[in-house]
Structure formats: structure tokens, C-alpha cells
Amino acid sequence: MLKYAMIGGGPGAFVGAVHRNALALNGQATLVAGCFSRDLEKTRELGLELGLDEDRLYATPEEMARLEAGDIDFAVVVTSNEAHYPNVKTCLENGINVMCDKPFTHTSAQAEELVGLARAGGLHLAVTYTYAGYPMVRQMREMIARGDIGEVRFVNAEYPQGWLAELLEATGHTQASWRADPERSGGTLSLGDVGSHIEYLVPHVTGLKLTRLAARLDSLVEGRELDDNGAILTEYAGGARGMYWYSQAATGMVNGLKLRVFGDRGGLEWFQEDAEHLRYMPLGESARTIVRGSPDLLPGAMAYSHTPAGHPEGWLMAFANIYRAFCDTLISNAPVDFPTGEDGVRGVRFIEACLESSRDDTVWVEME
Amino acid sequence: MLKYAMIGGGPGAFVGAVHRNALALNGQATLVAGCFSRDLEKTRELGLELGLDEDRLYATPEEMARLEAGDIDFAVVVTSNEAHYPNVKTCLENGINVMCDKPFTHTSAQAEELVGLARAGGLHLAVTYTYAGYPMVRQMREMIARGDIGEVRFVNAEYPQGWLAELLEATGHTQASWRADPERSGGTLSLGDVGSHIEYLVPHVTGLKLTRLAARLDSLVEGRELDDNGAILTEYAGGARGMYWYSQAATGMVNGLKLRVFGDRGGLEWFQEDAEHLRYMPLGESARTIVRGSPDLLPGAMAYSHTPAGHPEGWLMAFANIYRAFCDTLISNAPVDFPTGEDGVRGVRFIEACLESSRDDTVWVEME
Amino acid sequence: MLKYAMIGGGPGAFVGAVHRNALALNGQATLVAGCFSRDLEKTRELGLELGLDEDRLYATPEEMARLEAGDIDFAVVVTSNEAHYPNVKTCLENGINVMCDKPFTHTSAQAEELVGLARAGGLHLAVTYTYAGYPMVRQMREMIARGDIGEVRFVNAEYPQGWLAELLEATGHTQASWRADPERSGGTLSLGDVGSHIEYLVPHVTGLKLTRLAARLDSLVEGRELDDNGAILTEYAGGARGMYWYSQAATGMVNGLKLRVFGDRGGLEWFQEDAEHLRYMPLGESARTIVRGSPDLLPGAMAYSHTPAGHPEGWLMAFANIYRAFCDTLISNAPVDFPTGEDGVRGVRFIEACLESSRDDTVWVEME
Amino acid sequence: MLKYAMIGGGPGAFVGAVHRNALALNGQATLVAGCFSRDLEKTRELGLELGLDEDRLYATPEEMARLEAGDIDFAVVVTSNEAHYPNVKTCLENGINVMCDKPFTHTSAQAEELVGLARAGGLHLAVTYTYAGYPMVRQMREMIARGDIGEVRFVNAEYPQGWLAELLEATGHTQASWRADPERSGGTLSLGDVGSHIEYLVPHVTGLKLTRLAARLDSLVEGRELDDNGAILTEYAGGARGMYWYSQAATGMVNGLKLRVFGDRGGLEWFQEDAEHLRYMPLGESARTIVRGSPDLLPGAMAYSHTPAGHPEGWLMAFANIYRAFCDTLISNAPVDFPTGEDGVRGVRFIEACLESSRDDTVWVEME
């Protein structure tokens, strides 16, 4: 059984519990230490509730990293964005493997520094792009790799939400407030929060390499400083093209991540709110609905599928699959099959490129 | 009973029969004359099959316009695109009202000339943007006008089809061949064929005025000269923003016109393949599915709805509704409530702007 | 061009216009005479509006049948149920082919008498089981006949509506009032109105022969005398089994006719409100969604399909397909491929058997 | 932290892992002992893998119950059906609370005996009717209790699966074999396996009390002795009526539990494969789609909802909710809000009544 510590994820921080539950579900790792909040009292309160030893509840991440190094197998960093960089750094400098929430860091320089530290220390550094943990995303990836839709020509990826259709940050709403604060979120609101998932998933699923992009970031809600919506045109090595839309101001949308990929021999469509199904449209034939758990699942997808077809698994299981791959690597040196620090770097560069393009009235920006 | 003549729509031309059926369904107008083909034999064959007098079947549109002027109430122009301009012109010059298929003309200069001719002659000139005839599109328009979703902030409109995912024009396929021929289609393939519907519908439904756009037109299928896919960023007077996607190379998509409009008080979504329903997402409340024919229909939508809820109406009825509005104006001078030549002008200017933007690597183009 | 007369379908009678529109759409027959109402004034009003000669508008069906015999090719009977029998009889006795609305007659004795009259006179007698006119119902029939789902084992057919969830007949609502009146409707309300469609469709689609049934008819709405809901267990020759549910008191349901057929090699599902699609579930494989107009359509279904895939056709076109088959037989002696008087007889017997079973507390009733 | 032991759920028994994961997810109870198999070697293998002490792995449930009594808070019984009765009995006789899988026992006499034992011992006896743990099932229950759809008139509940559309039991398939064996399953195959869920859910959700039923059990697959499909007519105190359909031979269906409830003021529909949504159809208004996690959730449903709307939860979380309620009662004496032994008794009586009715050609059977 692996042992892990958590930084962030204190009382009221929804996502901390998610990480802990995902790990509990897998049964591969036990939480043994924590610095859940800047406020030690809060850390203590939660830590005791979770059954941790009082002397493994820390006032600062630095202290924790220093004292726990050697006693834990990895740390989970689930603070607000601006604290990712220093916290991950502290862990890596103390020789601790890290799973960090996304978006990774504020700048690509920071991200590269962290990747460098991990490499130098022979450490594993992972980033929780959760949606890659869904079996049917994995299925999509494998079907494309196998050539089921031929050569990919066009990608339409979107991730609209509606929960920031009002100026929630003006009401003191916790989640909205730090995300909408340029200092804490890193210069973008929704691009970092939801657009980043699209950025990760498209190459993950299609194998395409982004060569340039043109972005227009929008602040649709009056009074909002940062972007809450954006449209991005993309082009990939080999000639494929795409377009992305992300939003948190799309009134009435819930969590509408959708991937549509079109090749010369077929198309594929996956919608996160109906995550159990994958629509496969072979050229010239009737569309098929592949159900998670069915015999049509390819091996990697089947490995991510845990309950029989028709017994929905959901988002937490996707989260757990990311952690399982991470822990498999830590436990048995399984090949890296989770989103890494390098992916995090690429993600931050994407955000930087979008900001640059948008600032210059949607000019094309080349990717490295 | 009005009398009309048809130009184009000969044997094998699918859309000619659609126009005739839509008019038959309404019972407001009878076909009395025709020049269905460049080949008089074919015109005769079809004309006799349709029960027309042999002496009202003509070798050329010019002859028909000259001889039928005064005997018919309007002409329907359903030729391939390049012949719209001369045929409409002939009709208008002979004092005949015209319903013309879309896209209207090859150039905005031609379109403006036709509008000028119609105005000068006190004639009605209409363009068949069919989808505006759907009751639930009308409902969307009325709900937005009434303020049901507040101020519109963002529009996402898409129209993907997949039937040109192969290079059909190389196989001699009739529909594909003229559309893919730059001379006949007017410089665009799919932008004119399906993108034009988006262009018309967005302002029709939202009341927004397009101020600038940035477009990237793609030729996804190898060997194709014109665009078969495109992504367009849009901005509207007052600050609203949008994005459009059209495609005929989206393998596996059928006829996927979808309109999504987001305001500060709600959102609306309509999908043409499920045309009977409109999804309404009021801010902070559960989404509602408004069914055509239900008590929630507003007056204009109800006027377009003919069968009880749950008895699907479909595309031909939408077509018929466009014609009904046109005929109502001809018969009883009802206020113009159909897509006009002016709309056609706007549509051609949109195509020209997209071509210009795309040529210059997706530069923003101002709409006068 | 065939000539026809209409009995019933006067002002305010929705279904009369539907029959006329379906015939107009096909372009095979012209309305030339009518007795639209028991009130000659109303008949005249509508007849003139429809452009009929005044002297072909009649006070009684008998008069019309006598005077129009020889001048018309068929009559359409769209009165309320109780008048079907005398009106059809009058027509047949005068040598006129008939298309009659469903449910056919009040008693099977009446139905048999009419079938006998038609046979004796060498006349065509048809019944408008509309839903058989849908292309995807036809597709279902052909796929089953071809063996695509193997041997049929179980059928689940349902037809819930909700428009009679209130006691509308107590409010003077026209449609509700005659249907809920035992004298006029023939002893059932919803069984005759919607259950009858299930009865026709199941054998039509599956080829199964009903051998016995057990029914419970319900009056869910307080104060209602006749059935507004019912559940029927069915058994077929060869051992297949089934269950039917019909309702007009299923609050919130619209027009939810659904057919599900399960064989030993696959399943099929069709839902009228999404009439363009057929779900095909081959044993052990991913389910397919067959779209109307696609290459997977079998010949008979394709013959019923008129617009390209993705351009919804709807209910009126299904109606028109029934009429087309009828007119094809009258015009060119095409093999009978429409619901006949014999089907009407079987339908009335089914209703009688359900009433008998329900009266005796859901006892099994053998079908001859 | 509660301590529990497990009986059954050995290697290869899918459902054992589900129970353990659900409990792990809640974090309220730890597995400390087990008798996972009739084969002690297998119990040892799994127990060690799960980190249990070797001396708390037992050869027989009797031994375990005797030696663990006092050291554990509850036992989980997840053996095949025929062993539920003796195992639960052993636990209760040793003063151990029990969570037992469904269907509860083979005979209602056995079930009553167990309930009596639990009462006499002041013990909690629960049955895992999993689907009651879904937040939107809870929402349905609360909305009906609050009167949102008025007085319930009709229930249509169905649970079709297709995985037994072939004679799997003849191929040595483990799950199919014991279920299809009359000795081990208790005289029914699919009625006990899936029909039992309907039986529990309908009164749970609607508050209705079943007064009589008429059932026809079918063996659709040739060579199968027990039922793999069935249709049941139901009647409830107060006059409401219903119909149930269950099947495991509905080729192509996956796990299609669906509940539809119609009242005089509205209708509700929930489909397990789309468990996150509840369709609410208020009389005369547009239907609403209530999403799990949205503000429209009532308190009890919200208490069962753990992730934000649009982040699907799924079946395991439903399972966990059942266990949470059970553990809440054990930990803090929370009011019983989980399916109990009494519910289990009612379930077995339902099965007995269906068997009796079907044996006598679908005669009505009164419920006590």
C-alpha cells in the first residue's frame, strides 16, 4: 500500500475529497499526512476527521515535504492554481513524486523548471487531466490509433459550462473568486479551467500535434476581467484542422465536454455527460453506439472499465483510473500511462499562445 | 389560386420537386408553365408528366418570362447557382415576382442589381432559406425577441454534413459535380451550400447584426479545390460574439444544423434533425423541452405549426411555410415575412467576406 | 389523375385536412365532391373554399354516393367512428372504392359485412393505419422478414398519450367529447383511438399471428366512463409473446408510439416521435442507428422515403405513403400494399376481445 | 470506523468487490474478516490480497459468525441466492447486523423467520436494492411525496436486459449457471434477478401499496427451464394501476431499468442508463429535465448527490448511498432509511405471487 500526503483540499474544497475518494476506490494508497489549508486549524480539523495522526498535519507545505520525505510515496497538490508551482517545487526538491491538479502552473517557464526538477530527481510528476481516465475516451484513442476512422482530418472539441453566466465572483462565491482573480488563476479564467482539458484531450485522443492556433478570448459577462469564453482555430502537423470552444458563461450548459473527430474513413463523437457511450460513424454505414463494458471495447478501454455495461461508472471512476495508472507506475514500474509534467508544460504553452493570439486580435501563433 | 412558373428543377433535380410539393401542400398556387432544363426535350417530358399545357413549356427562361409575363404571379428559380442571376434578372425585367433558391448569386454586385430591379419594378423577390420555416426556429426567434433569454451574448451555430467526405465530384456524381466546380458554384462549395443557412439564421433568430468576421475555409478532402469545411469567428453590434462551423466533409454527420444561443438570462438550443423540439435553459432552472404544437408555442410559431404535437412535421413543411408567407403577401398583401432579396445580398456579402478573410490567413474583415 | 370525394372532415375537423393534404402531396388524386358535415351549410362553406363545384356538395352521403358513382374513383370516409359503417356501406353499395379512417367499425359483424360488400363488388376498401406509412416502420418489417433479428420472441408495443389526462369531455372539447361517448366511439375510448394502431402494426411489422390475449382496460381519470388506458398481454402462433400498453391519460406523454421487437439474433426499436431513426441491436454487437434515406434502407423502405437523410419527413408523409399505395392500386393495378378492410375486421375483433377479456377480469380470450 | 465481515464475494464474484468498493468510498467501515468462498483456500487468497489478518479468514460462515460476534458491527452476505437464508440466519443468531444481497430468500417463510430473528435480537437487517440509492430515484420519491404530480394513477416500470438472450447456462457461464438453476436461484431466474428491483422501487418511489397482480412468466430462450422474461399487471390500494415488464432475453437491451409514473397533475420518468437526469412533465407545461446536482434537487436527493451537476456519479455511488444510510443508522442511530428485511419479505411474497399467478394462466392473485 502506497502512502501519500495532500497539499490543499481543505474543508470546503470540493476537489480535495474527490482526489481522496478516487484513491480510496483504487485501494492502492493511504493518506498519511496533510497540509490542507493555509490555516493550520483547518488542516487539523480535517486531518483528525480523516483519521490522520496529529503530528502529520502541517502548517506549511515546505515543512511537510521536509519531514515526510522518505515516509510517503507521493504528494497530491490540489491548491488553487497560483500555489501549484511553489508546492510542486517543494515536493520535488525533497524527492517526493507529485500528482498536481490542472492547469499546471502560471507560466511555461515554471512548468519547465518543475519538469526539469523531476527529471533530475528521477521522480514522477503527473497532472490530473481527469477526462482522459474515462474508458470511452480511451476507446476513442485506441480506435483512432488502430485506424478505424482513417486519417484524421478535422477535430471539433468543445467544453461549455454555464455556472459563471452570472458575476459570481462579485458575490463572494469561493470557487468563482479565486478563478476570476488574475493573480491567483494565472491570467485566464475559463481557458485554464476548462479549455485546458480540451487542449490535453485532442492530441491524447487523436495523436495530432498542434502546429499553430488563432484564438479569441471573450469576457461575456459584464464586469469580468478575465475570459469566460473562447474560440480557437487550430492546425496540426500533416494538415488536419480543428476548432475549439470553451465557455463557463454558456447559460444553461452543465459540463458539456464534447469531442468530435472526423477522419477519411469515419467519425467519432463522445459527450462527457453521457460518458458511457461512444458514437462511431463508419463512412457510408449506419452509426454505432458503443457502450462501455461491451465486447467492442479495445483492451486499454476495457482495462479502464470496472462495472458491467449499463451500470454507469462516472467521473470519479475516471479520476480513479488516472490515479491507478500513476500508482501502477509507482508500485510496479508500469510504463507511464498518465498525464505527465511534460503534458502540463504543453498545456501552459497552449494557454500562453492563446493569450498572445487573442491580445493581437486573433493572429495566428506558431507552436514552438 | 396563384399561378407560377418554374425555371430549373428538371428530371433528376431533387429540389425542383420539393418546391412544387411545398406549393401543392399549401394549396395557394398552381404550376402553369416551366423551363425545367436547358434541354427542351426534358422540359417537355417533365411538363407533360406534371399535366402542363405543351405550349407553356419553354426552351429558354427568357422566352418563358416574355410570354408568361402577365399570366403568372411568380416564378420559381431552382437552377444551379450560376444561373440564378440571369434567370432572376429575366423574370424581374419582365415584371415577374421571383422566389429564388439559395445561395442567391455569385457576387454581391449581382445581388444588389437584382434587388434594385425588384424595387424599381415594385416586385417581390424572395430567397428560400428553408430552415427559417421551421416552427421551432420561429419559436426561438420570438422567445429571444420577447426577452426570454435576456441579452444575447454568444452564438454557436454549426451545420455539419458528411456526404462530401469522399471526392464524389470525381465520380461524376451530379449534385457534387456542379457544387464543386468553381465556375458554377460561385467560388465556394460548402460555404455557399450549407454555411449560407447559418449566415441567414443567426440574425433572423437573434436579431444580432454582424459587424466583423474571421474565417478559415478548409478543403479537407484531398483533391478538392473548393472549401468543404470552415470555421468562422463572428462579432456583432453591441458586443455579442459567436462562432460558426459548417462542413460537408464531417464523415458520418447527416444534416446537423444546430443553433445555440446564450443570453444573460437563459439559453436556447435547436437541432434540425430533431426539429420538433426546442431546448430552453432558463438561468438557474431546469431545462425545458418545448414541443412543437404545445401550449408554450408563441403566436408566430403556432401559425407555422399544422399538426398536433407529437406528429412530426418535417422539412417539407418548413419549406411550405416559407412559400405560404410569400404567397400570403402576393395574395393579400400580408406584411413581408419571408427571406428577401436583401437577405440574399447580405448572404453573398458574407460569403465574399469569408473568402477574403480566409485568403488573408484568417484576418478580420469588417462588415460595412 | 384520380378523382375522389370526401365524407366528413368538415370545418374544424382536423383530420379531414390531413387526408386532403396527403393526397395533394402525392399529386395522384383531385378532390371533386364532398359531404363534409351533417350541416349542408358547413359543407358548402368548406367546399367553396376548396374550390369545388357547388353542385357537387351534398347534404347526405347517400345522395353523394348515388350521384357521384361513376364520376369518382374513390371516397374518403373521415367522420366520427359511429358513422363509418353506414357511410362506407353506402359507398360500396354504389360501387365506389373507399378509404376509411380507423378504427373501422363498431362491431366485427359490421366490418365483415363491409368486406363482403367490397369483395362482391370487386372494390378496394382500405383503412388508414397511418403509422404503417412511415419508411422506418417499413424498414423494420423488411428487416424482420429478411431475418435480421432471427426468430421473433417478444414484442413490447406501447402508445401513450397524455392529452386526456383531464376530463376534457366535460369541458365541451369536440375531439374528446365524441370519443368519450360510448354511443359514438363504439364502446372504447383510447383502445379504439390509439390501441388500434398497435394492434395493426405488430403483425404488420413482425408477421406474427395473435392467438390469444388478456386485457385490463382502465379508466384512470375520475368521471370517465370508457377506457383511457389499458394493458394487454399477448401470445402469438409459434410461441412468441408480447405486451401492449396504450394510454391517453399518461400525463405529459405526447404521441409516444413505440415498437420494440426482440428476436433470437437481434432487437429493433422504433419511436414515432423520432420517426426518422430505427435502432437495430444485433446480438452481441454495438447497436446501430439506421437513418431514413441512408444506404442501409431496404427497397420497400426506400420507396417510402422521399427526402435525403437528415431532412425529416414526418407524419403527413407517412399518411401520403398509405394513400400512394392505395392510388397505385387504383391507377395501375399495383399489388395491394395498404391496410385493407380485412385488416379493419381483425382490428375490430381485437377490440371486442379486449373488451371481453377486461369485462371478465382479464381472462384469456382466444382469437378465432 | 465500523468493522465488517463479508460472506461470499470470493475471487471472480463481481458483486463482492462492488460491496467492498462502495463501503471504501464512504469511508465509514473497514473490512476485517471474511468467508468469501466455500473453498477456504480461495478465501485465504482473497483475504490476504485485501490485507486481512489470516486468522480472521474462515472456512464457514457459522464459524466466522461465532468467533467474530462482538468484534464486528455488521456482516455483508453476497453469496448466491440459495445461501442467503442460512448465512443471514447464522449472523443474526450470533447477534450480528446484516446487509444481504437481493433477492432476499427463497421463501417468504424464510424471510419472515429472519425478520423475526432480527427483531427479537434488536438487530438491523438490510437488503441491497441498489437502485434506490440513486439521487434521482430519491428525487422522484420526494417529488411524488410532495405532490408534484398529484395523485398517482398509473405506473409503468420495466427492466429489460439482453445478456441471457442466448442459453448461456449451457456454456458453463458462471453467473448464468447458478441463476438458471432452480435449486440455487429459488424458482425464478429473471424475476428474482431484475424483476425484484421493480417490485421494490415502485412502492418506494410512489408510496403505493400493491393489492393484487396478474403475471405471465415467459421462458423465451429455447431450452431454458426458468423465466427469462415476464409481464405483470398490478393494482394498488386507492385505485392506481400499473404494469411491469422485466426481461433478460431482450436481445440488445443493456440494463434498461425505467420507471414512469403518471399522476393527475404530472408525470415523471427515470431511466437508469441515464441516471443523472429525471424527466418531469407537469400537466399542460413543457417537460423539464432535472439534472442531479442542480438547485431543483430536494433535500433527500441532494444528500445523495456528491459531485457537481454534469459530473456523472453512477451505479457504485448509488450502492454507496445505500450503505451510507445503513452505516449512519449503526453509527449514530439515524432513522432507518434503507431497504430492510421487511422489504425483503415483501419482495419474496411478490415473487411467490407472480409464480402462483403464472402457474394458473395469469389469474389475479391478491396480496395479503
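By letter and in written order, the chains are A, B, C and D; residue numbering begins at 1 in each of them.
The definition used in the following text is that contacts are C-beta pairs under 8 Å (C-beta built on N, C-alpha and C of every residue); 3 or more make two chains touch, one makes a residue touch a chain.
For reference, the UniProt names are A, B, C, D = Oxidoreductase.
Small disclaimer: the values here were computed from a predicted structure and weren't measured.
J.: Can you list every chain in contact with both chain A and chain B?
T.: The shared contacts of chain A and chain B, listed by label, come to C, D.
J.: Starting from the Cα centroid of chain C, hunt down the chain whose centroid lies farthest away.
T.: Taking each chain's C-alpha mean as its centre, the farthest from chain C is A.
J.: State, to the nearest whole Å, the distance from the C-alpha centre of chain A to the C-alpha centre of chain C.
T.: The mean C-alpha positions of chain A and chain C differ by 55 Å.
J.: Measure off the straight-line distance from the CA centroid of chain A to the CA centroid of chain D, and report it in whole Å.
T.: 35
J.: Using the touch rule from the top of the page, what residues of chain D touch 2 or more other chains?
T.: 287, 291
J.: Okay, in this complex, where on chain B does chain A touch?
T.: 149, 153-154, 156, 158, 160, 162, 165-166, 214, 216, 218, 220-221, 229, 231, 233, 241, 243, 245, 247, 249-253, 260, 262-267, 281-283, 287, 361-362, 364
J.: Which residues of chain A touch chain C in the complex?
T.: 280, 284-291, 294-296
J.: Quick check on the complex: what are the chain B residues that touch chain C?
T.: It is residues 1, 14, 18, 21, 24-25, 27, 51, 161, 254-256, 272-276, 291, 307-317 of chain B that touch chain C.
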